[in-house]
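Per-chain numbering from 1; labels A, B, C and D assigned in written order.
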Amino acid sequence: MLEELKKEVYAANLLLVKYGLVIFTWGNVSGLDAASGLFVIKPSGVAYDDLRAADMVVVDMEGKVAEGKLNPSSDTLTHLEIYKNIKSVCGITHTHSKWATVWAQAKRGIPALGTTHADYFYGEVPCTRDLTDDEIKKEYEKNTGRVIAEAFLGRDPMSVPAALVASHGPFAWGRSAVHSVENAVVLEEAAHMAYASATLKEGILPMQKSLLDKHFLRKHGKDAYYGQK
Amino acid sequence: MLEELKKEVYAANLLLVKYGLVIFTWGNVSGLDAASGLFVIKPSGVAYDDLRAADMVVVDMEGKVAEGKLNPSSDTLTHLEIYKNIKSVCGITHTHSKWATVWAQAKRGIPALGTTHADYFYGEVPCTRDLTDDEIKKEYEKNTGRVIAEAFLGRDPMSVPAALVASHGPFAWGRSAVHSVENAVVLEEAAHMAYASATLKEGILPMQKSLLDKHFLRKHGKDAYYGQK
Amino acid sequence: MLEELKKEVYAANLLLVKYGLVIFTWGNVSGLDAASGLFVIKPSGVAYDDLRAADMVVVDMEGKVAEGKLNPSSDTLTHLEIYKNIKSVCGITHTHSKWATVWAQAKRGIPALGTTHADYFYGEVPCTRDLTDDEIKKEYEKNTGRVIAEAFLGRDPMSVPAALVASHGPFAWGRSAVHSVENAVVLEEAAHMAYASATLKEGILPMQKSLLDKHFLRKHGKDAYYGQK
Amino acid sequence: MLEELKKEVYAANLLLVKYGLVIFTWGNVSGLDAASGLFVIKPSGVAYDDLRAADMVVVDMEGKVAEGKLNPSSDTLTHLEIYKNIKSVCGITHTHSKWATVWAQAKRGIPALGTTHADYFYGEVPCTRDLTDDEIKKEYEKNTGRVIAEAFLGRDPMSVPAALVASHGPFAWGRSAVHSVENAVVLEEAAHMAYASATLKEGILPMQKSLLDKHFLRKHGKDAYYGQK
């Protein structure tokens, strides 16, 4: 089932290697089939070199394996919670990419300091609150997805398609598995630049609101004019 | 028209990939044909892998497409403004290269701290002032070019062939498209070194004036003695 | 003798090059044959390009060469002391990998700041005390192994399979030569992230205890559920 | 003349590219033929891709070209001054490698913070004083060599085979052209580590004297026991 989506999710997982976002098995990409409510995800702990499209695991909205011989990613229930809570998301990428993780370990959101950031993220990429000890002990992976959703209360998560989980690392999403990887790549670059700008200039402030608007909206939304028609 | 220049500008755009200055479609190089007042520039949002010399767009000094099926770079009017305001420029490179962008995000010019910088840039590489909200809302790309020119009032922009646009990133220029890329590469290296020197030594001061003179002038100008005749 | 182990240790040494942990001859991996009490180690000062499996040196628990024409690594007696003092270790990796060495030079242990660290190291990776001048002058290599063991008094060295030697660099270990290299790779990544998080946020604190428990124990121990069965 | 030395110096220059120490034409290696007092050096401003062994320039101890059609490196008179002033040097490498240059721009010597440094450099790698304006205006390249020699008054430059020229970059030397490149590679690595250790730990102090002695002397001098006989 969902053979095309498996191929797409498989290819998206390999992009993590291409873009240098993962070491060993540290990352996973999933893709949602909105029609059936099933999603496809990388199996847990399998090396990228050994991975095949056929190994992808199909999971339903209860978190049960609908097809596949391998265990799905240990982060599966976090993916599930994001799909449930954030409308329009059809792909999710989780990594421990270096610079986004650096901010997550510092428990700080990544401020919008320049147009590189603004071209993809319409404002600060938030960092979640700490989970409580109880939330960690029971339903840890599900609760991780919940605090991500919580970090977007009053904001549109499709205009800031990523979050940092405190003391953990980044999740990025998008309209497809491949889009979520693209957002994860940009997040990593923006995180590195923001680290360096923040250590170069103490008390650095976010960019002007009007410039943030200009850059995000020239690439996204109804009046976008970047790229080809 | 301008088939040779298209090939040169195409090749110069690919150098951005070779030297690691770009991710995805984040950069563009243009080249001016001084005789006709037309310039050739990368199309907007096209991946470097898919780019062909024939895709290059020819633009006139009014900012209108003189030849080409694709939209020119969204930064085209900034290139145009630089060609209009800075005499002798025949090539321009714009990127979001990491370390130059770090300084742009900190809204600080890159000080001349050593001979690596001085061999190419005769003093600090300036950072522009912020655009006003009005300048951002109307004619944003044109105004970006204007504040670059403004940053060189009283200075010779051909002896400091680059500027940082605040909260954005670097523009570099030169006597040809390829020269502008070379200057962008050096700018990136100088920006990285300056970041590290500035974080290693608080309150770091620019290099001696006499050493700056020596290095810039042994490579540039009538008494240059670096390289082969 | 121990031809299979020689091949394994040889291959593990080459992984140091693959993962970018070494320059020139700066690193060595050994593997223990628990049954005979002999271990196999890289010869001293031989370039990785010139290395062959047959060059591996077999050493006994007195530190004497049991087989091999070349001198064993100058760090052999440190490996020996670790094998003697830390039960269950069957592989040891020593490198001067950049970021772990940065912490060793600062004489600071690497704090557990996030789940990347917690997935492999159950708490801070300790830094040894300084050796005394006498310990350096006499039996230096052996004493280096001793202060590593000393750093784990009251802790389980198999749940934190690495240590930093002050003003020197990291040693990592594991259930085999290859596992020790894997731990050395993770240590390097965790060290880099911790450096950046610590310079981004002054006075950074270790992660929550409950999160550290959750991540270490979901990958290790009897209730582990990461990966495939 | 000196065809073998030309090949060696040519190969040593290409090592600068292999080890990532240079961009464009920013670096040069020379080698001395002690018997004749002639040295061989890279021509000025020639790209490494275009370089051939036959392009190497032979220079005498007066700084005159003894053989070769191309101009020698613009740094030739600095090399010459080092050969004149530092006994036993038969190879010199000059680069603008990133991390060594970062320290040079901060006008700080690189402290001996760990055994990586101590294995090659017996103490701090010094940074020269600033040249006076007069020294820059007249005989600049020769005076650069002089302040390097001056930085070693009372120290043995063969046990610390490198120096940083203030606001400029590193020079390294050795018993041959290739050895000088090896020392330049180690210097760059030690410089990067020292930068990070110093920014991680304010007021960091050099390593213990006894540990510095141990590591330098186990690799160098009459009682060395590192490597193979």
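Methods note: a residue touches a chain if its C-beta (ideal position, glycine included) is under 8 Å from a C-beta of that chain, and two chains touch if they have at least 3 such contacts.
These numbers come from a predicted model, not from an experiment.
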item: Shared interface numbering between subunit D and subunit C [over half = same, under half = different]; value: different
item: For subunit A placed onto subunit C, the superposition rotation in degrees, Cα atoms, nearest 5; value: 90
item: Subunit B and subunit D, separation of their C-alpha mean positions in angstrom; value: 33
item: Chain centre separation in whole Å, for subunit D relative to subunit A (CA means); value: 46
item: Shared-contact residues (touching 2 or more other chains) in subunit B; value: 199
item: Subunit D-facing residues of subunit C, complex; value: 23-26, 43-46, 70-71, 74, 96, 98-99, 101-108, 130-131, 133, 136-137, 140, 167-169, 195, 198-199
item: List of subunit A residues in touch with subunit B within their complex; value: 113-116, 182, 185-186, 189, 192-194, 196-197, 199-201, 204, 207-208, 210-211, 213-214, 218, 225-229
